[in-house]
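Chain IDs A, B, C and D follow the sequence of writing; residue 1 opens each chain.
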Amino acid sequence: MSGNGYGHTFRFTTFGESHGPAIGCVVDGVPPRLPLSESDIQPWLDRRRPGQNRFTTQRQEADAIRILSGVFEGLTTGTPIGLLIENTDQRSKDYGDIRGTFRPGHADWVYQQKYGIRDYRGGGRSSARETAMRVAAGAVARAILGPGIAIRGRMVQMGPHKVAKRRSRWEHVGDNPFWCPDPQAATQWEAYLDGVRKAGSSIGGVVEVVASGVPVGLGCPVYDKLDAEIAKAMMSINAVKGVEIGAGFAAAALRGEDNADAMVPGRKKGGVRFLSNHAGGILGGLSTGQDIVVRLAVKPTSSILIPGRSVNAAGEAVEVVTKGRHDPCVAIRAVPVAEAMLACVLADALLRHRAQIG
Amino acid sequence: MSGNGYGHTFRFTTFGESHGPAIGCVVDGVPPRLPLSESDIQPWLDRRRPGQNRFTTQRQEADAIRILSGVFEGLTTGTPIGLLIENTDQRSKDYGDIRGTFRPGHADWVYQQKYGIRDYRGGGRSSARETAMRVAAGAVARAILGPGIAIRGRMVQMGPHKVAKRRSRWEHVGDNPFWCPDPQAATQWEAYLDGVRKAGSSIGGVVEVVASGVPVGLGCPVYDKLDAEIAKAMMSINAVKGVEIGAGFAAAALRGEDNADAMVPGRKKGGVRFLSNHAGGILGGLSTGQDIVVRLAVKPTSSILIPGRSVNAAGEAVEVVTKGRHDPCVAIRAVPVAEAMLACVLADALLRHRAQIG
Amino acid sequence: MSGNGYGHTFRFTTFGESHGPAIGCVVDGVPPRLPLSESDIQPWLDRRRPGQNRFTTQRQEADAIRILSGVFEGLTTGTPIGLLIENTDQRSKDYGDIRGTFRPGHADWVYQQKYGIRDYRGGGRSSARETAMRVAAGAVARAILGPGIAIRGRMVQMGPHKVAKRRSRWEHVGDNPFWCPDPQAATQWEAYLDGVRKAGSSIGGVVEVVASGVPVGLGCPVYDKLDAEIAKAMMSINAVKGVEIGAGFAAAALRGEDNADAMVPGRKKGGVRFLSNHAGGILGGLSTGQDIVVRLAVKPTSSILIPGRSVNAAGEAVEVVTKGRHDPCVAIRAVPVAEAMLACVLADALLRHRAQIG
Amino acid sequence: MSGNGYGHTFRFTTFGESHGPAIGCVVDGVPPRLPLSESDIQPWLDRRRPGQNRFTTQRQEADAIRILSGVFEGLTTGTPIGLLIENTDQRSKDYGDIRGTFRPGHADWVYQQKYGIRDYRGGGRSSARETAMRVAAGAVARAILGPGIAIRGRMVQMGPHKVAKRRSRWEHVGDNPFWCPDPQAATQWEAYLDGVRKAGSSIGGVVEVVASGVPVGLGCPVYDKLDAEIAKAMMSINAVKGVEIGAGFAAAALRGEDNADAMVPGRKKGGVRFLSNHAGGILGGLSTGQDIVVRLAVKPTSSILIPGRSVNAAGEAVEVVTKGRHDPCVAIRAVPVAEAMLACVLADALLRHRAQIG
């Protein structure tokens, strides 16, 4: 009820603070006899891990995942999967500043107001460190979905700079530190982000995640629509301020005849083929079998070297500068997290579908 | 598990099809001793009701709400509130066309694929008729929130035409059939929508909903963030394709120092005042006490007179024209529905907060 | 969260008070394409209906069930099934007594303490009238379970008088007004209960419900064990004070070698046959394929003509006599309700099993 | 959805197998600013720990609990509390027997049927080892309940031997290895259980748990009745086959005037005093303020040295003897577990109550 988990049939619950002894999660509802080991999870964590280049925070964590339960002789057993990562990079430093000051744009002040207490070290529970467990759960979700469903993410906008759709290719995504599908944009972004970083500032971005091979009919038709579940899952990622599916906000400016995706008979008997995908793979809350296309807006991190106005615990006006290790563009690290969340939403939808439809 | 309800502590579950005998819902978790009667619910339904002008579908329903339980001598008792609306405008017509044809842009085909059966009459469960129950539940939610929390909605874009922020005033919203806060835009929209309607077409729009007076600290910090719950609730409304909070997608292009809302000491001892509201009233998943600002993108309805390509039940290519009563811009009717959903999210968050914090 | 529903994947939520306009429920998660009509539900309600002989309350209700949604052309559609029964026998009488008095052994006083308000008419929400909706939901559950799973109930003890196991036959259950499987006991009970009734008193009883044909492996192994779910469902029935599975409380006096049910190879390749059923069809929280055997203790109703000591709304000592229509042995009417609840538990377990195992 | 957790508002989810690397749980929904440290949890675990005398299994585990999150500077923060116990006594032994054989009376066979795989080492997930986490979560629940609510358990029957009510005193419970409140019975049990143990057999028992100081009105009135929640929680404990509240099964033989607890005005203005407690502290699903009295029947463990008939993985008839460390009477160790579960049910009920009633 405090909302530290996601999912209904496939459900994971996380715990842990940025500078506590460990972070972890329990993944429940996983079908039995799926091959799973640490080596199926670790690579996804490695993709997310900070400190890999100058554009992400220099926190150095091995983020070594341990499976504590639910797997036996290389196969899931249907019992809950306990996952754990020890926090190894807890610098014993003076937290004096952050202890008594509420950083603007951060959760410090609202946590204090809500709970009357907070673990201020490294942002505590509100730290992006929690997203490591989303990525780990996402790896388990991928094991459920199987190889037929591919989930891929990329950045399509950094600050004011968008990729060109015509130049965008999935195969370019791994060629640059930004998951950028457009090589020309990637070059531009590199210079741009260097400037942002050197200015001690930060910048937002837009991430796009696409799921291919999703079976027709996943989702529930009213409140737990597949797109509603995706919207929740994405908006729950730190720093996300907007989510759209398919044509998204652009659909507002479209006419009905331009927006509705025409259907023609498919090659398979009884199947259909869509001539466009403004729907982003979801109609009436249910998957159509087309690519599910989701975009999320990520705000610039508020942890910057540029002084901001705020208040301290005594209620006095102060100027705040966030020292330490931070990301000039947190949208970059949101890519593997968004992929993982989409995997979790789909795994849950798959099992729910199976419950009702068989 | 089939997702026909919303909420955790405050929870409502709806049932009913467009052309069945009735639609209804059960609202559970309502605190006792709140004044509530049909006359607290009916006005909100009347605002949503179609057929009020030429810009909304001409379906004529009294939509008379009945409270069947949970209220005694004018006060809630803490037991579930059963609500019912009889469907009175079920024209006995020939459904031959829609029965055998899957309308493009509609849920017809995916419902058939998922369930192997569908109540095709008027869209069945996927009809916007279901939203009447959201509005009814929203009225109950408002009773929980009390008069201190105001929730108001308006349209800020119709097709390509946006309102001017500087001309927008809440008091204008009731002056036109579009919930448009900008009188000049309203005039423009009227002519524009007449054109769309006469062309047998439809157009999308953007709705903005604002909650004022929300206490600090509502929401949960990780997966059930207040913005995540809002995103889900809004995306679950028929035809919505995007949701954003505060600066939303525009935040992607902002720098950290421009996006983070500076805080200064407030007038009340220990309180703070924010100098801007890019956050849209939510930080770290918790309400900040500022206005909660949500925008949703509504696609144009696919029910248009312009022929579209589709397939029929036999898998053959057909041309589809949606006859009958329809809205040229369903975003208009989404306004009271979005208000209601925001009320439900906040009522639920309020009770959840109380559970943990007391 | 106010707990007005049961189930996870198959879930129903009820509403309604004894003397309100109607009672009803929403059944969600029902698989599509199951044959269902009012005539599949009404007979179960008729079995439960009071007023059928001198041993049950003389309240006269047709209890005519209406399906409001979720069924189309005689088949379930996978959308929520709305069910409604209008309350037709709301005698307009003076409630003065019950309004200001808390009946001993009833929920009057605790409701008032918890909610600060109560619909005192006929017990309001705490009335056994609510169980009609359990029976209706149970009929839907039976449609999910199919004819291969048989759920049958009987009374095995009335007051101090138990049935003889050796004389008990299911075929006798319908021969008497007590669902008594032992004809000799039935004769004894009739005389006994007449005495109780004439004395203005009431008596408890023990009900046994048995499910046959349940597949192996239903249930969850830890907190949502199948027996745990059954215990909750049964204990949630009005007046139930104890639940046991298989050998139940008698198992406390057994030795391990006497209690453990020996297994031998079954006729089917790989199958097993159990030589006894102390487990009551459940091991480790999972169904074994043997008969699931549940017994529940039902207390005597507190609505009696014999004066009891209590307090009134002013906090003064009063003597209370419950006038009006009441059951001398509510255990009788608990039989169809317990059957229905077991059906609901199993339907839910079946769908949950399918979700995880496929 | 696989049911590895308990609770709604206060909720814990456990993971771990008997012979895996660790067992653990996540406790979510805990209010902030409650004092909590390992030393508040460890003593409860020590009470449950096996190997303390010849009447419990000789497995030797330190069962040292670690708090991994959710506590900061000695106080809860409102974020999830991660708890972990490393399994230190995993004897590396030959599991050949248990691997290929289904022990009668155990979950081995049904696990294999349900999941098609099982971690057979020490019973895997079905091991009583899981109950350590219930006790740990119960310690957190006690922190929520505060010192005003006392939860105490005792054994009231071992095999055929019951305690005498007139001799039973809570202060005797700690004087013997059986949590027996009756010194004379304790002496009898010691000799009796020695005989059972030496015979390589096992015996059942009945445990009674009592909660004092519970506020009036906790619980929900229909499906999530407080007694229904208790029934589920207790029946979910390994080896429990029956649960009763207050008079329980004995209520079946009572008359209404003997069973209904008379109320008289209490000393406090507006308060009431009950003259008896057949209800066991719960009426209409809500707590009455009287002691909540719960009894559970625990079957004899099926792990005995006396050969039992069973089948092996090849489907052949075999004779099974359970070697190794086992409890002659597992009811003894169920006492602290049942106390813990009652604490969890009450903590959850308290927070749920607060959500709706404030």
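Methods note: a residue touches a chain if its C-beta (ideal position, glycine included) is under 8 Å from a C-beta of that chain, and two chains touch if they have at least 3 such contacts.
Because the structure is a prediction, the values reported are computed rather than measured.
For the pairs A-C and B-C, the larger set of C-beta contacts lies at B-C. Placing every chain at the mean of its C-alpha atoms, the farthest one from chain B is found to be D. Our note on geometry: chain C versus chain D, Cα centroid distance of 26 Å, whole angstroms. Averaging Cα coordinates per chain places chain A and chain C 46 Å apart.
Averaging Cα coordinates per chain places chain B and chain C 39 Å apart.
Within chain C, the positions touching two or more other chains are listed as 1-2, 4-5, 8-9, 14, 29-30, 32, 78-79, 114-115, 125, 221, 351-352, 355-357. Partner chain C is touched in their complex by these residues of chain A: 9, 29-32, 78-79, 221, 351-352, 354-358.
Residues of chain B touching chain C in their complex: 1-2, 4-5, 8-11, 13-17, 20-26, 28-30, 32-33, 66, 68-70, 72, 75, 77-82, 84, 114-119, 124-125, 351.
Note for the complex: chain B touches chain A at residues 1-6, 8-9, 14, 102, 104-107, 109-111, 113-115, 125-126, 130, 157, 159-160, 196, 201-206, 216-217, 220-225, 227-236, 241-257, 259-265, 269-272, 275, 278-280, 283-288, 297-304, 306, 308-311, 315-317, 331, 352-353, 355-357.
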